[in-house]
């Protein structure tokens, strides 16, 4: 089956990282899933993703010293495969793994995703544990020269058949639990290495393992920035790949995303999504020891949602959902804006300078045209675009602004909008 | 008008450079045009392009010392615009410029193109000559810090309104002659500068000047390699841009083109063509003092034609057309192969290693699928591709090889072909 | 004769640039020379250097648009050699060149220097003027692809015998005027080119021309940063070379110099001086349209003088000398500090962090040890060094601080000093 | 005590690596030491160095798969310190460590050195073993993100007081054995990391640990290339540092060394030696599975010895000493050539091109001048140098060639020698 069919539109969901860091518990995951089913599912939001170190005992307990405690205990089976920590995920006890949690999430009509670190546990290599389907143990499959620069858990996997066997056994286990989405980390840009795509063979192994497992699992690659010259490889083997390092609620990062979307705009295709990373809206940061509301202003959040949707990025919520306020919720449930997400609606940057950006896109199915104007400067200002630059010929046009529902009539071939600093306007032709 | 409409399919034509270097004469251009009208036009070949230094007196006369004689005399009008050297282009005398030659070419049902160097003549700046439509003279429009690293004729144009006036006056003159195609050099990658796209404002100026001139002139940018991170800019302002430095008849350069096509494959769109450069086939090199037949073997030429057509590159012939042999001609007139050129037929690399490459593409209009297998190694070998990798599901398929017209039946989901070194096979589904 | 003998200690003098930019006149040069003879000569200051574009008519007259007016008139002889503009340098009229001015400066017991731009005038190349001692004209000696990125006057000289003839004729002329020092610009780091030492052959040509001219002319190379991997080449052919781009009165640039001195400390040798650039003290900036007193605080000026002297950099005053105040004068005439300049006193950095630096040096003739402590942070703080790190064994020592003449007694092997932000202390063992 | 006093001249010795790789045994070390005492000691050769993985069980036993077996057993004490493998070093059994072997070597009048990998054993971190003098265990001292790119044994040590305690305990143990020389690897250029001097804090820790241990231990840093911009740091903390990656018996590597010596020539000082790496002469390669005589010709070996001695590099023999032939021995025992080694004899490159290099140096004690001419091309040719370029003024001079003892009389200020390809001549003034 074609992996592009696993994600015909950009995945939309929730991810535990921005709020919980390494500490999320089963109860918290279930609560967020219930919220999604009740309030977001109808708009297309469907993935619930448990992020990093669900297998680590005492994860987060030395937060002032380490984000990831080095050389500490991990829950692992006899075949070098990591399992959920039963202390935080009680239903996983007794060899259940994530199956009970996945079942619950599926019962809500949602999909279940997990984060994994590329590779095989370091402790497996040092303990010479077995690998299912392989005559060689973990000590021969692990590559001692391939580590992650920021997390101490794994060694990279050698490009040998036994390495493929390890990944096959891993994905088969996770598929048996009902996993629908895997976010693999330290793989899209292995940034401590001189060759930042040193793990490309592990991307291929994961892709093959998914093909073999018989379950359509969406494959998401982190962290970024992805390498534009490897675009063809990501497109062939994965469903989404991060085009940025971790994105947080800072204007500098948001402004920077415009240059990244500019670079990747020709690579948004069915089943292939350059990924702008999670949306740091609402309540964030508890696991990092600094619980807070997003630092983005309302205008910045609108700009972010407009860019992500226009571009066709996956949408993953960083917020603790149970604490979502109505204003934030309204930003996430604007159906006219979300209608730009499908890859039939192809993005085109018209112009970008240090102070503004303009984009258009056309829905190849409906013929609808969208126009977006962004004020990237720190002061209010007029942003203009010529209709001809958006392939709209003729001088007059009636438009609707999609965040306000206001009508706008253009009569001279040119659209101008006065915008607050960091704000945007998004029009749809009628 | 949308500049993409000027070139709905990749331009196909002939260029004087590979055979004549700087020395081509009007009679030689006319002879090549006649050949094209008689033998190639029916297959889509239509552009006749006069390449570099048609304005330079005595061009080529000091070839052992200089390709371009520095500080020598150029034919220039009072407004700092270069004109054809009347000694080599007799019909241009008396202020006719290239109009008589263009008229002749148009009379054959062909289109006429010229090469220009970015900028304003150095001698105009040092002589303080006038610029039409500008209160400032050439000395104020020329940027003394912007030169070409390999040709001594011009200074770059400053990003000021008077600079636009210069380009407007230049393109208006060339449009009045009937020019259909401009290949602007030292602009796509200004490789002597730390910023290799230092002339981006001159690309915009040329584009605006063409828009104003009222004639649909195809804009081609040289030399390469173009910068992938500027793809959006080339796409917005030009019709084609070189993705490589000068391409010649060497296997190393041809093999290298596979990596370049890999990089640019998502950027082949209507009116926007990443350009693999001229086809150095047939008789070459006279103006360089080494007249010869192409050093490419027949297999290599087939590989080149297959890649260029598959990818959707413009096709510009380097050969002296009047000396074309039948074998070469047959490579250039295979209609089934040329049918892959239009941008509706989108290229997809399946895999590339140091020893082979495989591609497929689908014609979005006809539904036709093409499969190409290339042996990039220096020894014969079997190249294989899985039909599933080309989005062809089901195990059996009947194919036609387009260079031999042989039928090939696939029964096990996988296509294997034994190929000579540097050779290829190109299949079309039936 | 060994070129190192031309400058047995780092040259000390005055340069017109920081105050006058391109505009200095003969009268102003004479006034500064008289001041030097009266107040500074006794401390070792002896060079009077006329900086850039003394040959350019109307230099500085379009300062709001250009520092260097492009394509404007230069005073040049029939052999493509630039001469002083007689309007600004009246005594040069009638073919005298700088000889009368040089004579005057010599009469004061001082030495005379000029700035030149690498290469041959662009206008000579475009006009095909002659070159003394060469069968080829300027159009064949000039390299059209070698220009300066920031000044429009010259083309680089080709690496051919006729190029050497040009430099021989140029230096012979300047030697005949009595020039003692040449600061050649656009040569040490040709920063617009990919190869930043693309003019290395012109350094060799200048060196040979000086050898042939029979006059000991100090050769100074600009601008920086010089390339550490070419240190051997600068050492062999020049007397001083800039280790930094233009240095001005900003703390960031001064702080940055510590890293540069760290890098070059092993390269300070007799007749070979890595050059920290001019001292922007006193009155500055008139020619730049912003006459002002230096922006450096007194503490920063002390830090600068200490570092330059400790390191053994040439010392060139940027100030308009006739406006020097007593405090600045005292910084420039501290004989105990200036005693560190000779290359027998070799610099050694002990440690450098973002907030402090410590150095020591030993006079190999007198055995004297110097210790310097610098506070590079923006707040007051204690800076410490261990005597053992300065090769001073034993715990107790009596020191003299050279800016205050205070005595300091060390008893525990370690020297600590509380220093204001950006300040320093400089000790000499007794 | 000043660490520079530990090595007043460049260390000369033997190292087990080039012949034995990881497999050397105690008996083999003893045999080489006896040979040195008998045949080489009188010429200054004195160090016997046991190279990599003397602590690894079964080292070399999987040579077709791994140079260093990953995740295998290492001999280690309870304090995370590696000990000799008693199987290969029988006298080390029972807690003796290398003391008995060191004693034997000292009894021959020689000095004893060992190789160590930077850091703390990975297995110690994963096993949470203790560290002497530290409240924290190995799991807290090891940095999980700092590994060697080519050897799987260690983790880097964090820059914390407990890290210093580990190094103190390690060096104290090794000093107690009588170690005179430590070659620390993966420290001079940690080439897998983006910051290639990421281990600079471990250099400082080692230096401090040596200072504390009370024994003068020479500190040698590997691998190269060292970073020229960190020269001051190596000089302050170490005695020698590699300026090249592993050097072997290939002309390309030897030719390349000329550029490295050019770069580092100003950094050869008492106790501070840029290191050209081992001399791959005689019998080599047994442990690598390809026992052979050096691939260097006699002329190339002469060139190597001349450059290493002229430059002042440490000299470490790679040959199995017991198999040395007389010709090789004669190259290693030429006292007139070895007399150039001390740092009073400072190297100066005169010129280097792709085809030749010339150097001179002066003994600041005796006043003796040396002149070296190298033919770097692949054909015989005349190499010339001007005496003036070597600071030898006057036209006539009598010289002695030090490899042939031939006399050479210069009469015209210029020395020319016809040299075979890759050969050299070395003269001494009389």
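Structural remarks
Going by the order they are written in, the chains are A, B, C and D; count residues from 1 in each one.
Here, a contact is a pair of C-beta atoms (placed from the backbone, for glycine too) under 8 Å apart; a residue touches a chain by one contact, two chains touch by 3 or more.
On a predicted model such as this, the values are computed, not experimentally measured, just so you know.
For chain A, the chain with the farthest CA centroid is C. We define each chain's centre as the mean of its Cα atoms; on that basis chain B and chain D are separated by 55 Å.
If each chain is reduced to the centroid of its CA atoms, chain B and chain C end up 50 Å from each other. Those residues of chain D in touch with two or more other chains do not exist in this structure.
With chains as nodes and touching pairs as edges, the resulting graph is a single ring in which every chain has exactly two contacts.
Those chain pairs judged to touch are A-B, A-D, B-C, C-D.
Contacts from chain D toward chain A in the complex involve residues 70-71, 122-123, 125-126, 128, 139, 142, 144-145, 147-150, 152, 192-194.
Chain contact summary for the complex, chain A toward chain B: residues 2, 228-229, 231-232, 236, 262-263, 265-267, 269, 349-350, 388, 391, 393.
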